[in-house]
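Below are structures written as structure tokens.
Paired with chain B in one complex and with chain C in the other, chain A is shared by the two complexes that follow.
Then we have the complex of A and B:
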């Protein structure tokens, strides 16, 4: 039994807070009517996810999560909202009545099945770890074992930049 | 099982990832604007990353594998978001709307 007033106890309490932040951020992201509020929920969810990564012994990936997702992806989506101006979601169009319960049922069924599968499976633990998973070990295997993938993803990012420029420019007046 | 020791249990992370995945699928089916669907797909990718990180921390013999895979998922997600947003802007320029009901030019 861990006491609340030790370092481990406070870390466990903070873990519960991080989990609550992640889940409430996700709920805001999928349920809010207005899109800017949904983006804020998504950013909150990613902040909580960075905290979970920190608890999983990888502060490097936690920092990358904050930089790339919260700092870049969410801001990019905000820019798209400013350019496209979608308005309130309730105002435009109409939706059939069965859409909400059916999609909720599919989502809940997937969550239930995957959670049952994850809890009931006997996961085999590796006998020994070959390194400690530190930033040094990540850098080492990124430049030896995974160097080809590292090069390929830079090509993918270059193609994505050029492709999004071409796509966003098409149809604009040449004045 | 102590409630303050949950951060050292594998199944807790798996249940959180499954919850994020279910919420993402629900949002992807339920949302009507393209940007809302993009937000939901980011949640699905986040759930996949959390699963990789969990297995890498608790089960894998090489703890760097899941972290590197998560970094690659982040790169792919950033590229996907950039492409999807430029497609959304092009769609908005042609249809003056990003509602999925209105973008029906190919419908017979």
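Then we have the complex of A and C:
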């Protein structure tokens, strides 16, 4: 039994807290009928994930999670929904009797596979310190090992921008 | 030096930061009213206490004793959470801001990124507040705030990237350390890094005005057409928390401008650096923010978006390229000049 008032005890408490935040965020996201609440749940889930990354000694990834997912993705989704304004509708479509067990089974299968993968893989040892300049390491690998992936992702983003410009342009007349 | 356990030290810092934000929000409102008064040839608040100095106290008491109304038809949870989503990220951002060499809650390598990460949550708060209110003025205001924030985040981040290229670090304390010595070492005057450095400062300052929805970019709360914008439906302290969040964000914007360009806690003459210099510079910038608010009329939405997309973004991109070129060329030029003399 680890005492609560040691470094390990506090860290464990912190870990449990973040896990609770992540899971409750996810539950809110899938269970709420109102879309804005679902997105708030999603944002909460992302904050929890960022906390997990911080707990795993990768503050850079944690900050990026906040910046990109909470600050950009969630805001974009809220904005899109706000423009569409779906209102407070009840659940659309009916659920069949087997959908719940099937989705539960798929989820369990995925969890099982992930767990086996996580336990059996030889993970490289994480850097011990927070201020070890992990930003530098990430920059190096982005511009050397993963430069091809990096470029491809930017092409995808470029396509998205051009596509949205085309869509926005289509509805505009020349007045 | 006395040893204090890390969690306790952080707790003390967070309590201090919250006190700092609350005190500043209260007295910046007083200052804003005084500045506005004098600019318009009035006196401003003068009844409560000497020079109206107790006015914030009276305002606070009034706000706290008012009922928190939750209008019919709003989403009650989102409506209550939204003001917190504006204030809490602001408190979190303060954690990495160095007030002086040792007066910083958490001196981490990616301090600059942390501030931008938490600042981006602020928009979420405005959006949910505006939308959760179920009020058409609030929704319009929220939509305006987001388009404005997205438009101005781009030149701001490009300028910040330029600064990171020059400083080689995102650690705010180290950035300040690099500017020690005298006034000429501040990054705003570091023309050897990029001849456009003062312009970069102006771009950064303009963008932080727009990001915090301050005049002349306060389209989100244009009183003449949108009542009060996203906080139209909020009463009492709900409104008060939104206000505190806004002032906290102004302080953060001015602190960042001070740290990146004006040498943070360094003295202009290189003597006695410390938190007093930092605060002096920050309050000077905040005074400029107020000065601008009461001098310029509100822009139109077109003017606002045009300024960002047609002027600020191209100029900041040019600055980025120029800085990259200077990083490569300046050492060569220097050796050439040394060899000639």
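Methods note: the second predicted complex is superposed on the first by the 123 of 175 C-alpha atoms of A that agree within 3 Å, B and C clash if a C-alpha of one lies under 4 Å from a C-alpha of the other, contacts with A are read in each partner's own complex, and residues count from 1 in each chain.
Definition applied: a contact is a pair of C-beta atoms (placed from the backbone, for glycine too) under 8 Å apart; a residue touches a chain by one contact, two chains touch by 3 or more.
As the structure is a prediction and not an experimental result, all values here were calculated from the model.
Of the two partner chains placed by superposition, chain B and chain C are both touched by A:60.
By the touch criterion stated above, A:143 is placed in contact with neither chain B nor chain C.
In the superposed pair of complexes, A:34 makes contact with chain C only, with no contact to chain B. For chain A, the partner with contacts to more residues, out of chain B and chain C, is B.
Shared-chain residue A:20: touches no atom of chain B or chain C.
Once the two complexes are overlaid on the shared chain, A:43 sits against chain C while remaining clear of chain B. By the touch criterion stated above, A:77 is placed in contact with chain B alone, chain C being left untouched.
Residue overlap on chain A between the chain B contacts of one complex and the chain C contacts of the other covers 60, 64, 72, 79, 83, 130-131, 133. On the side of chain A, the complex with chain C involves touching residues 10, 34, 36-37, 40, 43, 59-60, 63-64, 66-67, 70-72, 74-75, 78-79, 82-83, 130-131, 133-135. Within the complex formed with chain B, the chain A residues making contact are 1-2, 4, 8-9, 11-13, 15-16, 19, 22-23, 26-27, 29-30, 35, 38-39, 42, 45-46, 49, 52-53, 55-58, 60-61, 64-65, 68-69, 72-73, 76-77, 79-81, 83-86, 89, 92-95, 99-100, 102-104, 106-108, 110-112, 114-115, 118-119, 123-133, 137-138, 140-142, 146, 149, 153, 156-157, 159-161, 163-165, 167-168, 170-172.
Across the complex, chain A is touched by residues 2-7, 10-33, 35-36, 38-40, 42-43, 46, 49-50, 53-54, 56-65, 67-68, 70-72, 74-83, 85-90, 92-94, 97-99, 101-102 of chain B.
Chain C meets chain A in the complex at residues 7, 75, 77-78, 81, 108-110, 113-114, 116-121, 123-124, 127-128, 131-132, 139, 142-143, 146, 170.
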